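Lettered A, B and C in written order, each chain numbered from 1.
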Amino acid sequence: MTTDNSKLVEATRGLRGITFPRVSLYGFLVLSVVSWAYIIFGVDSGLGDLFTGRSWSNAGHFFSQLLGLEGGLTGGGRPAFFDLGRWGETGKLAYKTLMMSVLAIGLAGFGVLVTFLPAARNVSNGELGGSPSLALGVLYHVLRLFFAFTRAVPELIWAMVIVFFLSPGILPGAIALGLHNYGIVGKLSAEVVENMDPGPARALRSAGAGNIQMLAYGIIPQAMPHFLTYLLYRWEVVIRTTVVVGFVSAGGLGQEFRLNLSFFQYTDVFLIILWYLILVLAVDLLSAFLRRMVLVR
Amino acid sequence: MSQYQNSSNRATHDINHSRFLVDGRGLSKVFGTLTAVSPLDIAIKAGERVALVGPSGSGKSTILYILAGLIPPDSGDLFLDSKSTVGLQPGRELSESVGLIRQQLDLVPQLPVVQNVLAGRLGKWGLLRSLVSLFSARERDSVLATLSKLGIADKIDEPTSQLSGGEQQRVAIARLMLQAPKIILADEPVSSLDPARADEILRLLTGLADDIGGVMVASLHAPDLIREHFTRVIGLREGVLQFDIPSEELMPSVLEALYDLDQQPIPIS
Amino acid sequence: MTWTNSPFRSLDARRLLSLVLIGAFVWSLSSVDWRGGIVHTGGGDALKDFPLALFPPELSPGFLKLGLIASWQTVVHAVAGITLAIIIGLPLGIIASGSLGKPGRVRMLVAAVMRFILAFMRSIHELIWAVLFVAAFGLSSLAAVLAIAIPYAGILGRIYSELLNDVSEGPLDGLRSAGASPAGVLIYGRMPMVLTDLLSYGFYRFECAIRAAAIMSFVGIRGLGFEIQLSLHDLKFAEVWTLLLFLFGLVLLVDYWSTSVRRSLNS
């Protein structure tokens, strides 16, 4: 019983006394009180509307229109999700959306594959072979900064910027998604190399391997399963975001979602949400299956 | 201290050193404030099998890593196979003379066995050949022949991570066989093995050294294994040479004294 | 031999998978419409001007002040969103963990239903929730906060339920033998044991919430995303860079904070 109690004490240890987590927790509480005050008393809080009842009846109308229970129907007065033709049309868009997510992961994966090695500290400083040089040191910091920056900017903002250059379609959206995920997977993959057991690489070196041979035989085979697993995990996230990026990059379900919403075709909106959920579920299952195939020991 | 040690200290080095496959003079290494190896002379002739003994922290591993070229010594000269190793990085040139096998084996777990064995060839292969081989293994026949000698030919295409500890040990030895260095270094090759397996592994390693006509240097602790498989024993404590004797002269009392924490004098005749 | 245990299969499978993934990528390239040219009219100039505008970004005091205000607005929505997510996610997570109530079928059923609800909440992206809420309730800060809170509560709820289930049973048995009810075991046993992990994970999600708040601009909520949109429309790329750097700095700051908190909690 004493050891059991000590476990309890142990678990809350970090929150006793004036510790950094404790100060942070109080700081965060203050920040959240201020934030809520700012939102509630702000000009556009919408809190007042919550109590008028009018906005609740609006919301009621909206959701029953979404489900085709009242008004706003296209065609023969049937909800879109009972119309096989509409399923087919939106199905094509769902396919495009899926392709956009695959393209995005492919672009991110390709980018990471060519840059993650010099972004690992133990590669750039020659711990795993090769000789450290100023150029490699600079490259390491530049890549790490680039990872952090591409990661910090959300996909949607990348998309807003990119549609300024590229023709609308699935490509700008895929590049936007690819950039953000490049930063995430790049950082993770570089860290895999940094945490790698140096033994095998050293053994290869003493068996006579040069730098590139050592990368090919020692480091890449060890990093590859992790890299593929990260890509598949990110694919699950990307498919959720693809629709959103489609809002601005005009590809796939996202664009249709916006159009239908602005034309008040709410049952079509609901149909698209259904497709979206199907995609999310399908990708989650597929990714889980594929991840089992690469299973990191 | 033994007179044997004194003889290896002085007399041998003024003669033509090419008789020695390993010839180190005044090798030393300091890590921070810790002296891993005090200036040490070590000369080993072809055909000799040398056991390094000593408590942990005595500098055995450091000496092996210096001989393997993985750690540059702070001072001293090292000739391997009559070639100076000053400024040599581990890699192509060194790999012809010297190969190291560690207790951890250091195989790449994700690669199939055949690739881990072929890694022993990397020093002789060009870049293109080694990259192509990753996708379609070159010299598969010689790998198969080597693995059959070790009794694990059927494992050639399995992922190395799926093999048992003993099988992985054979894969590491197979790699060393393909590398075929004149000087075989083994860092604790048989610790954590049962006696029968330890005996077999040492038989394989010494057999390999004999085939090539080279030397073997290994760190280990078991006196009976040392007497059976080695010709010479070097005792170390805190980086300082304690004795250097023929293995048949290794008495249990000598080892006990060497491992004794109170640092009793060592009863060498 | 089974599929997962067979070594031959697992190696072949990995190689096959790599080929399938590369194939899928090449296939996806074919669904890009290359005919119209990938850069649109005028896009080429923008493509050149945009990177150059970083040197230097817009650094006038007035604009920096605007950037600070926008950052503050983004932080406010993120903080409100994540706190609401914790408030919603914690009870849902407790229910989904099945550690409340009498053991039995009912409890398992309720937990399963709750896990499904949590999965649904996090399946829908925060911006889609935002679009729906704005369509339903009209544009307001609360709609944005709610839109962040719902999917994040789905994520937090799932993680919290897993954390609560993974605690070691020893101390709990001690409490049970002392006569504690399931609620007592939860409050005096499970919760204290996972408290630091709960906080730690909440802090981790805070960084993601910053990004979520920034894109709420899309439905008209003010903040960094909103200002980026405005500057882009005015083709003021130097201003866009300044705002992107503000966002970068903000994410780095929160990331640093949350990493330090988690490190000192877990050490």
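Note that in this section contacts are C-beta pairs under 8 Å (C-beta built on N, C-alpha and C of every residue); 3 or more make two chains touch, one makes a residue touch a chain.
Remember, predicted model here, so these are calculated numbers, not experimental data.
J.: What is the identifier of the chain with the smallest separation between its Cα mean and the overall Cα mean?
T.: A
J.: Could you pull out the chain whose C-alpha mean position is farthest off from that of chain C?
T.: B
J.: As a quick test, compute the distance in whole Å between the mean CA positions of chain A and chain C.
T.: Measuring from centre to centre gives 8 Å for this pair.
J.: Between chain B and chain C, what is the gap in Å from one C-alpha centre to the other?
T.: Centres of chain B and chain C (C-alpha means) sit 53 Å apart.
J.: Just curious, how far off is chain B from chain A if you go by their C-alpha centres, in Å?
T.: The answer is 49 Å.
J.: Name the residues of chain C that each touch 2 or more other chains.
T.: 10
J.: For chain A, which residues are shared contacts with two or more other chains?
T.: Within chain A, the residues that touch at least two other chains are 224-225.
J.: Going by the contact rule at the top, pick out the chain A residues touching chain C in the complex.
T.: 1, 3-5, 7-8, 11-12, 14-15, 19-21, 24-25, 28, 31-32, 34-36, 38-39, 42, 44-47, 49-50, 55, 58-59, 62-63, 95-96, 99-100, 102-103, 105-106, 109-110, 148-149, 151-154, 156-157, 160-161, 164-171, 174, 224-225, 228, 231, 240-241, 243-244, 247-248, 257, 261, 273, 276-277, 280-281, 290, 292-295
J.: State the interface residues of chain B toward chain A in the complex, per the touch definition above.
T.: Interface residues on the chain B side: 68-70, 90-92, 94-96, 98-100, 102, 104-111, 115, 119-120, 122-125, 127, 130-131, 134, 161, 175, 179.
J.: Which chain C residues qualify as touching chain A in the complex?
T.: The contact residues of chain C facing chain A are 4, 10, 13-14, 16-18, 21, 24-25, 27-29, 31-33, 36-40, 43-44, 46-47, 50, 75-77, 79-80, 83, 123-125, 127-128, 131-132, 135-143, 145, 168, 170-171, 174, 189, 192-196, 199, 203, 211-212, 214-215, 218, 225, 228-229, 232, 240, 244, 247-248, 251-252, 257, 260-261, 264-265.
J.: For the complex, give me every residue of chain A touching chain B.
T.: Those in contact with chain B are residues 199-200, 202-210, 212-213, 216-218, 221-222, 224-225, 297.
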